[in-house]
Every structure is written in C-alpha cells, then in structure tokens.
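Presented below are the structures under discussion, each in the form of structure tokens.
Two complexes follow with chain A in common, the first pairing it with chain B and the second with chain C.
Presenting the complex of A and B:
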C-alpha cells in the first residue's frame, strides 16, 4: 500500500486511508505508522483525561471507543489499533483521522483548532465554532465554488511566523440535510457511523499538499434574538486568545501532555499576526449568502 | 452542594417555568432575559456541554455508545461543573447501557415535576408538532427517546424517556437521592407555597418577599410576552404553537377528545392514582 500524506507527515498504515493524498516527498522513514494489533484495556500508569481517554507519563494516549476499538498512540508516531470485530474501516478511520490526529498534534506541539478550512487566494481561511454552527457547510459551499478544502474538523496550525496551516485531507462530514440543501446526493457515500444519516464527502478539487499561510479565522456564532447578522473583527488580543483557547481541539489532551505553554504561545502569535473575525448569522441564514462577504473581508 | 441538582421532568411538565423562576431567584430576583438567563439552570443534555466533558463529539458515536458514555460524562460534570441542571432523562437504564444516564452518585438532589398526563398530551402535541393521537401513543411508548434527529445535528444528545408512567416512577422511586416531587397543578394553584417549598429544598432564600419577587419575574404572561417579542431559542423546530402556549391546568377537558383522555387513563391509571390524578 502506498504511504499517505497527512499534515506534512509520511503515514504508513495497515488500513487503507483513501481520504489522504499519496506521499510524494522524500524517502524518509514514515513519521506515523498505523498497525492493527493487540491493545490492553488499561494504559499502565495512565491517567483518565476524559471518560474514554487515558494518557501516561511518557505522553502515550489510549482512546477506547466502545463499538469501534482501542487506539494506542505513542509519541514516537506508532499507532496501534485493536478494532472491535463489528467495526467498519470507515468507523476506524473516523477516529484515527479525528481524535487520534488531535492527540498526535498535541504530542508534536502543534495547535489543532476545531475548525474547517479552505484555500482562498493562496492562504488558508479557518471556520471555528461549536458543532452545528456550520463549519463544514461553509467549507462545502466554498468547495462548490472552486476552492480546495484544507481540513474539516481539525485545522492543524504550525506556529512559525507567519502561522501556517498544515493540510489534512479534503473530506467533509456532512448530514443528509446539508448535502441535499447543497444539491448533492449522499447515495453511495460512506456513512460516518452505520445507520447514521451523516456522510463522508470527498471534495472535488485536488487536495492541498504544502502548508498554507493562515489568512484569517472566522468564529461562527448564532445571532441571539433581536441581534443583527454581520462580520466583526476582534480587536483585543486577549479576546482573540480566549476565543482560540475555547476553539482548541481536545484542549485537555494538550494540557495533559504538558503543552499549556506552547499552546499559549501559539495563541499569542496568532492574535498578533492573523485577523480573527466573529461571523454572526441567524440559524436560518443561507450559507451561500456569506461567501462573498467572507472573501471580501479577507481581501480587505 | 456537590454534584448535580436536577430539575427533572417528562417534557412539557413545567420544567421551563421552574428554570425561569430559579434564573431570577439565583440572581436576587432580577428580571430575566428568556434567551440568555435560563443558562442559570442549563440543559444537562446540551450537545456542547456533553461534548466538552466527554472529550469527543457525540455526533461520531452510535446510539449505544452514547448510552454507555452518558453516565461517565454525568459523573465528570458532577465533579467539574456541579450545580443546577434541567433534564428530561428518565432514571432508567437505556438499552445497551449498564446504568442510567445520570447515576445516583452524580446527583446531589432532584426536583421532579409531574403534570397530569392528559394535559401533557395536549401540550406535547403542540410542542412537537404531533397529532393528539400520536402524542397519546408516544406517552405510552416505553422506547420513546428525544435528542435524536436522523438527518441533521440535534442541539441535545439522546435522552431515554420511556413512557410517561415509567418516566415518573423512575424518579419517584430513585433510591439514594434526595427528592422533592412537585405537581404542576399545585405550582399553579398555590405558587407561593409550592415555590417556597422548592427554595427550602434547594437551600435557597425562602422568605416570602424573595419568593414572591422571583415568581413575579417568571410569571407566565411575562415569559409569553418575551417569546412573542423576541422568540424563544428552545422552541421546537416542529412546533405548531408558541412555547408558552397556555400555562393552565385541566385544558385537556376541552382540548383532548374523550376517547383519547380515556386512553391516557387506561394506560397510566396506576401511576396517575399514585401522584393524585383521579
């Protein structure tokens, strides 16, 4: 099986990862190696970080998803998966390319934001917000207008100057209603989980290989009653840093791995270098209505 | 107070009224903004709260995994963010799980609100956009759950409700927790007395002046007026009426056909008698 490209890493895997672009880089030893194998139920000396996740003093993590399997993630880049017999490959990939990827980012001192992102004018634009706020929907609508999808759930930020986004893969997780609203059919697509009306949609444009400068971050929120819609730039660095902390993917994992300091520095760097906007929309707002305004905002 | 203090009820039984009262009472009787201040008694099953404490997204889990995870998350919330919460969960063990979504060791105390199921049937029909027939059927359905939208993300995670009778009894018979049962009809008939009892149970200010002031701020006409002017974010997407629709007891006598009222009584008579609905 060909090695894949994930956030700039060379990844070799026992299970196929069709979401990823092929590795076309140098002949380095793979950064991440995914193997199927035995995984114990407990991590010796592991500490419970959340109900399904333990982390030990070496920085290794163990994620246990009841009907999917156990994922042991070592800081060396070795990932062992013990799948449940009934788990499908799609379900295994869902957690490998989600929670496990988030853990790998924290192990490697990157900043994973809970955000989708798309390429606009040679840079990455990220959309953050709680589940259901329209992150993937906005990414989908930009993809339908010819923009590449850089990431879906996790936007991986490298804190250099200027901050850069390491592309994940051009796959979006979309509910049936979202797809049908965008005139797409979910027929034939993999389901997020068996029986669920949420699908894995691979965006039509070639994925992005190289890191992109982070052009802007939009914090998606819903308008309260009587509140107007609009885009507002956050001016105070402290507000930006608080917002970015709230939008950090698996923040507790980062803290458990001793990354509080580097995460703080990453937020400070972004607050200094990258414009951050609050995009307030009504619940029933048409997604397409905001595409031009977002592009215009970025272009100033 | 440690752990979760629950305002627990079958849907459409007066939970929001208690939350509105507490939202004012916990802030010294100040006026409440319906769309902001109910967060004083947040919904325990809110997806963002559950995702945050579970450390992953429930939208990536199967229904059985959610049922297995919820008690673990409840314990975590009880430890890290104790306080008042609203819930419609029953105190029953959902299929595939090993314990109820909110296990007793996560609970500090429970206020259980009960309402005449014939009135619940009328109110739930308007709230969920069901026919009265469907409403009566679902109240009899021991597999009834909410918080699951097949085609889109639901703002809440899944809650195992069961039938009206099973739901009510699951809380009334909860072992190992301090429990206060309040009937919606008694809250309406003598608000001062009932809400004073509530405050005493929750170790809140139970002086006549304080209770009256918070009752005034959370009166039905004020809540309905706010909804009419600015909407209410918790109103169901499928609702056919305002959330604050009638706020009355005994509406079933005119709104529920006799045959349906009899069906409710036929299904739930034992528990109805137990909580005083003859």
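Presenting the complex of A and C:
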C-alpha cells in the first residue's frame, strides 16, 4: 500500500485510508505510522481527561471508543489501533482522522480548528460552527463550483506569519438530505457510522497538497427570530479570541498536553492577521445564496 | 491586603499575554477568563512586571502623562483594585 499525505505528513497505515492523497514527497521516514495491534485498557501513569481519554506525562494519549476500538497515540507518531470486532472500517477511519488527528495536532503544537475549509483564490477559507450549522454543506457547494476542499471538520493551522492551513483530505461527511438537495446520490457511498444516514463523499476536485494561507474564518450561526441575515466582521479582540477558543478542536486535550500558551499565541496571531466574520443565516436559507457573498467578502 | 499608596504590587504569574492591534489581551488559563487592556491600562500593566510600590508607579506615570498627582493616584488605585478583584495581581505590604 502506498503512503498517504495528511497535513503535510507522510503516513503509513495498516488500514486503507482511501480519502487521503498519495504521498509524492521525498523518501523520508513516515511521520505517522498506523498499526493494528494490542492496546491495553490503561495507559500506565495516564491521567483521565475524560471517560474515553487518558494522557500520560510523555504526551501519549489513549482513546477508547465504545463499539469502535482503542487508539494509542504516541508523540513519536506511532499510532496503534485495537479495533472492536464489530467496528466498520469507515468508523475506525472516522476516529483516526478525527479525534486522533486532533490529538496529533496538539502533540505537534498545531492549532486544530473545528472547521471545514475550501480553497478560494489561492487561500483557505474556514467555516466554523456547531454541528448541523452547515459547515460541510457550504464546503460541498463551493466544491460543486470548482473549489478544492481543504478540510472537513478539522482545519489544521500552522502558526507562522501569516497563518497557514495544512490540507487534510478532500472528503466531506454529508447527511443524505444535504446530498440530495445538492443533486447527489448517497448510493454506493460508505456510511459514516453503522445505521447513520451520513455518508463519506469524496470531493470531485484534486485535493490540495501544499499549505495555504488562511484567508478568512466564518462563524456560522442561525438567525434568531426577527433577526436579519448577514455577514459581520468581528472587531473586538476579546470576541475574536473567545470565538477561536470555542472553535478549537479538543481544547482540553491541548491543555492536558501543555499547549495552553501555544494555543493562546496561535489565536492571537490569527486575531491580528486574519479577518473573522459572523455569518448569520436563517434555517431555511439556500446554501448557494451565500457563496457569492462569502467570496465578495473575502475579496473585500 | 488593603490597597494604599504604600502597597507593593506584583503581577501574578498566570496570565498569558498577547498584543492584538492596540489591545493587550490577557488570558487567565486557570479561571478561563480573558481581559483586554487599552492605552494607559497597558502602560500600568507593563510597569507591574517587577514588584513596584504604588507611589513609585504613580510618579512614573505622572512623568509620562500629564495629570494632577491626586487624580492619577485615585485612578491608579481604582484600576489596581480591579486587577486585584480579578486576581491578576498580588498586593504586598
């Protein structure tokens, strides 16, 4: 099996990761190595961060997902998975490319934002917001208009000046009705979880390989009753900092790994360099209605 | 400890700091609270990096900013009381 590309890392894996682009870089030793194997229930000297997660003093993490499996994530990049017999491959990948990826980001002092992102004019534009607010739907609509999907769910940010997004993979998790609204069929696609009406959709355009400058962040929210729709730039530094903190993927994991200061400085860097907008929409708003407004906002 | 012009003030070590535009943003990780300081507040905060007596702090501010000594002292004491209430500073004898 060929190695894959994930956020700039060379990843070698015992399980197939069809959503990733192939590694085409140098012949370096893989940065991340995923193996199937035994994983103990306890991490020796591990501290419980949540009922499902332990972290030890070396920065290793043990994630236990009922009905799916155990994931041991070492800071060296070695990842061992002990799947439950009933787990589907898609479910194992869901957690590997979700919670585990988030942990790897925190181990490596990157900022994982809970966001989907797409490439617009050579930069990455991120969409944050609570589940069901339309992050992946917007990314899908941009993809249907020829834009590359840079990330789904976790947008990995490298805090240099200007901040850059390391592309994940061009796969979106979409509900059946979202796909049908976009004239796509979920037939033949892998389910996100057994029995769930959410599917893994691979975006049609070639994925992005190199980091892209982070152009803008949109915080998606629903309009309250009587409230108008629109795009508004956040101006107050404290509002921006609090919003970025709220959108950080697995913030508690980052803190447990001693990254509070790095994450704070990363947020400050973004607050200084990248415009953050609040995009307020009504629940029944057509997703396509906002594509031009978003593009126009970015282009100023 | 009561706050007066003879008190010695020092920052508590916790808060993380960054400049965003003209605002000095502090985060107290333990309390999970953000604070934003502008203008003179930032200038006072910067002078608290090392322990300093309130009267000395007021003198150095008076040298930099025009103002009546009694007013500066009253405003500095009010601001320090605010920082103290938010556990950002320690007041020593």
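We take it that the second predicted complex is superposed on the first by the 300 of 300 C-alpha atoms of A that agree within 3 Å, B and C clash if a C-alpha of one lies under 4 Å from a C-alpha of the other, contacts with A are read in each partner's own complex, and residues count from 1 in each chain.
In this text, a residue touches a chain if its C-beta (ideal position, glycine included) is under 8 Å from a C-beta of that chain, and two chains touch if they have at least 3 such contacts.
Bear in mind the structure is a predicted one, so any value in this text is a computation, not a measurement.
Enquirer: Clash or fit: how do chain B and chain C relate after the overlay on chain A?
Expert: These partners fit in the superposed model.
Enquirer: Is A:34 touching anything from chain B or chain C once the two structures are fitted on A? First, second, both or neither.
Expert: Neither partner.
Enquirer: For A:255, decide between first (touching chain B), second (touching chain C), both and neither.
Expert: After superposition on chain A, A:255 lies in contact with chain C alone.
Enquirer: When the two structures are overlaid on chain A, which partner does A:224 contact: first (chain B), second (chain C), both, or neither?
Expert: first
Enquirer: Just checking: does A:99 make contact with chain B only, chain C only, both, or neither of them? Give me first, second, both or neither.
Expert: A:99 contacts chain B only, not chain C.
Enquirer: Kindly classify A:172 by the partners it touches after superposition: chain B alone (first), chain C alone (second), both, or neither?
Expert: neither
Enquirer: See if chain A has more residues touched by chain B or by chain C, and give me that chain.
Expert: Between chain B and chain C, the winner on chain A residue contacts is B.
Enquirer: Taking the superposition as given, does A:237 touch the first partner, chain B, the second, chain C, both, or neither?
Expert: second
Enquirer: So, does A:115 touch the first partner chain B, the second partner chain C, both, or neither?
Expert: neither
Enquirer: Here's one for you: vertex at chain A, rays to chain B and chain C, all C-alpha centres; what's the angle to the nearest 10 degrees?
Expert: After superposition on chain A, the angle is 80 degrees.
Enquirer: Please state the minimum Cα-Cα separation between chain B and chain C in the superposed model, rounded to the nearest whole Å.
Expert: Nearest C-alpha atoms of the two chains are 13 Å apart.
Enquirer: With the touch criterion stated at the top, can you tell me which chain A residues are shared between the chain B interface and the chain C interface?
Expert: Shared contact residues on chain A (touching chain B in one complex, chain C in the other): none at all.
Enquirer: What part of chain C is in contact with chain A in the complex they form?
Expert: 16, 18-21, 23, 25, 27, 29, 34-36
Enquirer: Under the stated contact criterion, what part of chain A meets chain B in this complex?
Expert: Answer in residue numbers: 49-53, 65-67, 94-95, 98-99, 130-132, 153, 175-178, 192-198, 224-226, 250, 252-253.
Enquirer: Residues of chain A touching chain C in their complex?
Expert: On the chain A side, the touching residues are 236-238, 240-242, 255, 260-261, 264-265, 268, 271-272.
Enquirer: Touching residues of chain B toward chain A in the complex: what are they?
Expert: Residues 35-36, 47-48, 51, 53-57, 59-62, 64-65, 68-69, 72-73, 76, 150-153, 155, 230-233 of chain B touch chain A in their complex.
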